[in-house]
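Once you scroll down, you'll see the structures, which are given as structure tokens.
One chain, subunit A, links the two complexes that follow: it is found with subunit B in the first and with subunit C in the second.
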Partner chain A sequence: MGLLQEAIFGVVTGSYIAIAAIGFTLIYGIVNMINFAYGEYLTLGAFVGFFTASTLPGPLPVAVVVAMAGGGVVSIALARGFFTPINDTGPVPMLLTSIGLGIAIRNAIRLFGGRSARYIETETSTIRFNAVPDAAVGSIDLLGGFFVTSEHLIVVGSAVAVFLSVHLLLTRTEVGIAMRAMGDDEDLARVRGIDTQLIRDSVWLLAGVLAGLSGVLLAIQTNVSPTTGFSHILQILSAAILGGAGSPYGAIVGAYVIGLALAFSTAVLPSSMTSLSSAVAFAILIVVLLVRPSGIAGTEVRKA
Partner chain B sequence: MSLLEVVDLDAGYGDLHVLDGIDIHVDDGGYVTVVGPNGAGKSTVMKSIVGIATCFGGSIEYQGEDITGLSPEEVAHEQIGYVPQSNNVFSTLSVEENLRLGAYVCEGVPETRKRDVYERFPALADRRDEDAGSLSGGQQQMLAMGCALMLDPDVLLLDEPSAGLAPDLVDEMFDRIDEINETGTTVLMVEQNAKEALRRCDRGYVLANGQNRYEDDGDALLDDEEVRREFLGG
Partner chain C sequence: MSVRDRLPSGHGNTALLAGIGCLLVGGLFSLTPLQAELPSVLYVFVEVGITFAIYGMLVLGLDLQYGHTGLVNFGHVVFFAVGAYATAMVAAQDTFSGIGLGYPWPLALLVGVIAAALLGVVVSATSIRLRDDFLAIVTLATAEIFHSIFVNFEGIFGGNVGILGVPRPIAGLVGDADTRVVATLLVLGGVTLITLATVTRLTDAPYGRVLRAIRADELVTRSVGKSTITYKTQAFVYGAALAGLAGGLFALYNGAVAPGFFTIQVTVTVWIGMLLGGAANHRAVLAGLAIIMGLRLISRFGLGVTPVSGDVFAALRLVVVGLILVAVIRFRPAGIWGDPQELGVDR
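Moving on, here comes the complex of A and B:
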């Protein structure tokens, strides 16, 4: 397979990481916590989508919308039950709570949903481009024939729609501007009369909806098991930190850097070492943070 | 008529008492200045009124209504314009967005007030789409004041408006405050630059160690031998 094909896989991977990383980084920037349970929201969204698709005869978009709503409800409910009550204790107790909550949710899903991997069946069409020259350098083809599936297009298209919607929300609406204001300076936000709890709830809802979408897209594109979310949380975290924690635009860039790095490392590493591909993502993270400790966007990190 | 009445106020942060029986009286349309050495509790008076500091005792009345112990969000709904000393704009938001949030508690965005602010501070109009963090210190102070004016407040609370400004800007800032007061907005100001502040205001308070020390017309305080010796450097 040529690098061009790997790049396509990388963009697809980057897309669902990006959707989730936006939610993760908004929680970090506005609620001021690292939510390690966030990966489980993806798993829950994926399972809600899977059971909707397998029990209701409706078309695929119905399952996607139900998964997004499910993610939002889960996120609000968990925030109300576990995070909002300890909101004033600071980031570390909240991080530890989220780690424990993540373990509990992961095992609850395994208990009720079983260990097996599932996927949402869709009618897939594949578009092939075979007449592309290989442009080989050594043993690596720079171009080469490639294909795009309808599932790839759904994932990437959803991501682009999310980017535009989130951008419009954050720059054009009162609640979005208030979210950014709160991430900037919570004390001043209160002086302005912003109901900080309402804004935190809005962020939880948005982040949950995005996690649900990311999860159901995973279930469509690949498959989901109870550990799917957990195996993605480090990539989501890396994308958010790479982009400059708290910045949704940075998180998008960070997600595609991670996605492409994962895909290319699979292509370049010998087949016996492909399990190291996630290590490559972290190697990039370490290098970027050494050069630019504040991440790619770098300016929107909440002042300590 | 009294607009703002602080009576026997004890206030501070956490367990720390900073104010110990402060009385401040602000008439409708007046221009009142609070001066005093560092640590006298000047800023804490402001922060108590807007609900940031904790009130342990005494009372704060605004337009005849008891606002003691309200949260900052609740005080914002009283349309009290407050300009904090530092961190008084959202630096990652544009000038326009900052002004919009200035009127967050109002229904809709009051476009005419925004035009008034831009007319008053033309430098802001030129940079309305830029991040507030990219403005100069003086412009940020103007923006902070503009945000407070977006409420069309009856009273404007200014916490050290001249702090950190270049000397030539300080006069301009005080002129702007005079203008705002002359158009009918009551001003309560805390200032480090005591002589200038007392010269401009019509009523002055001198605080020390969280207590009232002197209270008189601004000019009278400036002429008072003891006040001059103790607080104005002779």
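Moving on, here comes the complex of A and C:
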């Protein structure tokens, strides 16, 4: 397989990481916590989408919308039940709470959903481009024939739609502008008359909807098991930190960097070590935190 | 009289004596033909007790890092794993896969401790300045990276099979199964008690006061002329070395190491035990760990009497464990025996 094909896979992976990373980074910027349970929201969204698709005979978009709504409801319910009451205890207790909550949710899903991996069945059409010439450099092929499936297009298309809507939300609506104001300076925002709790709730809702969408896209494109969310949380987190924690635009860039890095490392690593590619995302994360902790665009995370 | 009063701190000498006593009795069982008989009901308790002794060293090291110094190390398992792998690889004879050098086990144990301490030096040199929650993320990511390295480099670390053929010093001396587990429990429990005595000495000394001052307010501590980074690095490396010791002893007890023993679940267990008992109180963190590991006994016994599968029971136990963590942080942030005022969490 050529590197071009890997790049396409990387963009697809980057797309669903990006959707989730926007939600993750908004929570980080506005609620000021690293939400380690966020991966579980993806799993929940995917399972809601899966059960909708298998019980209701409606078309696929219905399942996607139901999954997004489910993700939003779950997110706001969990926030109200677990995170809002300890909002002023600082980042570490909230991080630990989210870790505990994540374990509980993950295993609850395992209880009710079983351990097996499932996927949402869709009719896939594949578009092949075989006419592209090879451009081999050493053992690595730079171009080569490639293919795109309709699922790839759905994932990337949804991601672009999400980027545009989030951009419009943050720049054109009252709520979005209030979100940015709160991310900047919560006290000033409150002085200015912004209902900070309402904004926090809307961030939780938005993040849940995005997680639900990302999860259901994962279920369409690959498959989901109860551990799916957990295995993606570090990638989402790496993307968000790479982009500068708190910045949604940075998170998008970060997500595509992570996605491409994962895909290319799969191409370069010997076949017995392909699962090492997940370590690549964490290595990027550590390097970013050491070299440029503020990320591509963002705030200082170093204390001393 | 509240429960807290019954768990006073500063009894390091008692722990030291008890630890030496345990080691002596354990040694008696291993070196003489003396035999112990164990009713089969108790067997499972002894087995969980051995794991508790090993995890006890982990939680004591973690408590030095988080409870006393405020370093949020959420990748504690990596030091445990590195200690275990280093010990196993230096000591193993005829391993099925991976490297086994076949040197004597005391040397291997020493190498394990040093390897874990070195990793601690590297991690703290690079990350100790990060803000609390980001230090947690870096340590966690380090643990995940090492986990996938252990799985993927089959030629060196044996992949999913791990390293087999690690010598088991106690099993080598004692043939009888009952005597063997009792001797193992006594020896490992003795080491844990001596560890408890050592860290108690350390934290009761003025040195421990500096560590707690850093946790309370790093800026103030620095302004009175203490090099906080040096102290933080030392505390981190001590914790890492202790985890390495625990890992090495685990390898020598278990006779094999594999990636499956070193998952994030280990980190989570010791963290919850520490927070439940009460950070910054050595006996409390051990008691908290005992409660969490007691849940394993319940699920093991419950498995026999209820008609559900083991998988369901394991999932249920983890749901409960996760919710315990959430509940402790929300309702009793200082833990059961912790001092809320000292930990700065009273509201």
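Convention: the second predicted complex is superposed on the first by the 294 of 304 C-alpha atoms of A that agree within 3 Å, B and C clash if a C-alpha of one lies under 4 Å from a C-alpha of the other, contacts with A are read in each partner's own complex, and residues count from 1 in each chain.
Here is the rule we use: a contact is a pair of C-beta atoms (placed from the backbone, for glycine too) under 8 Å apart; a residue touches a chain by one contact, two chains touch by 3 or more.
None of the values given here were measured: they were computed from a predicted structure.
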{"item": "Partner chain in contact with A:Ala77 - subunit B first, subunit C second, else both or neither", "value": "neither"}
{"item": "First, second, both or neither for A:Ala283, with subunit B first and subunit C second", "value": "second"}
{"item": "First (subunit B), second (subunit C), both or neither touched by A:Ala161", "value": "neither"}
{"item": "Superposition-derived comparison: subunit B or subunit C, residues of subunit A touched", "value": "C"}
{"item": "A:Leu234 touches, of subunit B and subunit C: first, second, both or neither?", "value": "second"}
{"item": "Which of subunit B and subunit C A:Arg110 touches, first, second, both or neither", "value": "second"}
{"item": "First, second, both or neither for A:Gly102, with subunit B first and subunit C second", "value": "second"}
{"item": "Contacts of A:Arg190 with subunit B and subunit C, given as first, second, both or neither", "value": "first"}
{"item": "Shared subunit A surface residues [contacts with subunit B and with subunit C]", "value": "none"}
{"item": "In the complex with subunit C, residue positions of subunit A that touch it", "value": "33-34, 82, 85-86, 89, 91-93, 95-97, 99-108, 110-111, 115, 234, 237-238, 241, 272-273, 275-276, 278-279, 282-283, 285-286, 289-290, 293, 301-304"}
{"item": "Subunit C residues within the subunit A interface of the complex", "value": "72, 74, 126-127, 129-134, 136-138, 140-142, 144-145, 148-149, 151-154, 218, 222, 228-229, 268, 271-272, 275, 311-312, 314-316, 318-319, 321-326, 329-330, 333, 345"}
{"item": "Interfacial residue positions of subunit A with respect to subunit B in the complex", "value": "174, 177-178, 180-181, 183-185, 187-196, 299-300"}
{"item": "Residues of subunit B that touch subunit A when the two form their complex", "value": "50, 52, 71-73, 76-77, 82, 84, 87-93, 97, 100-102, 104-105, 147"}
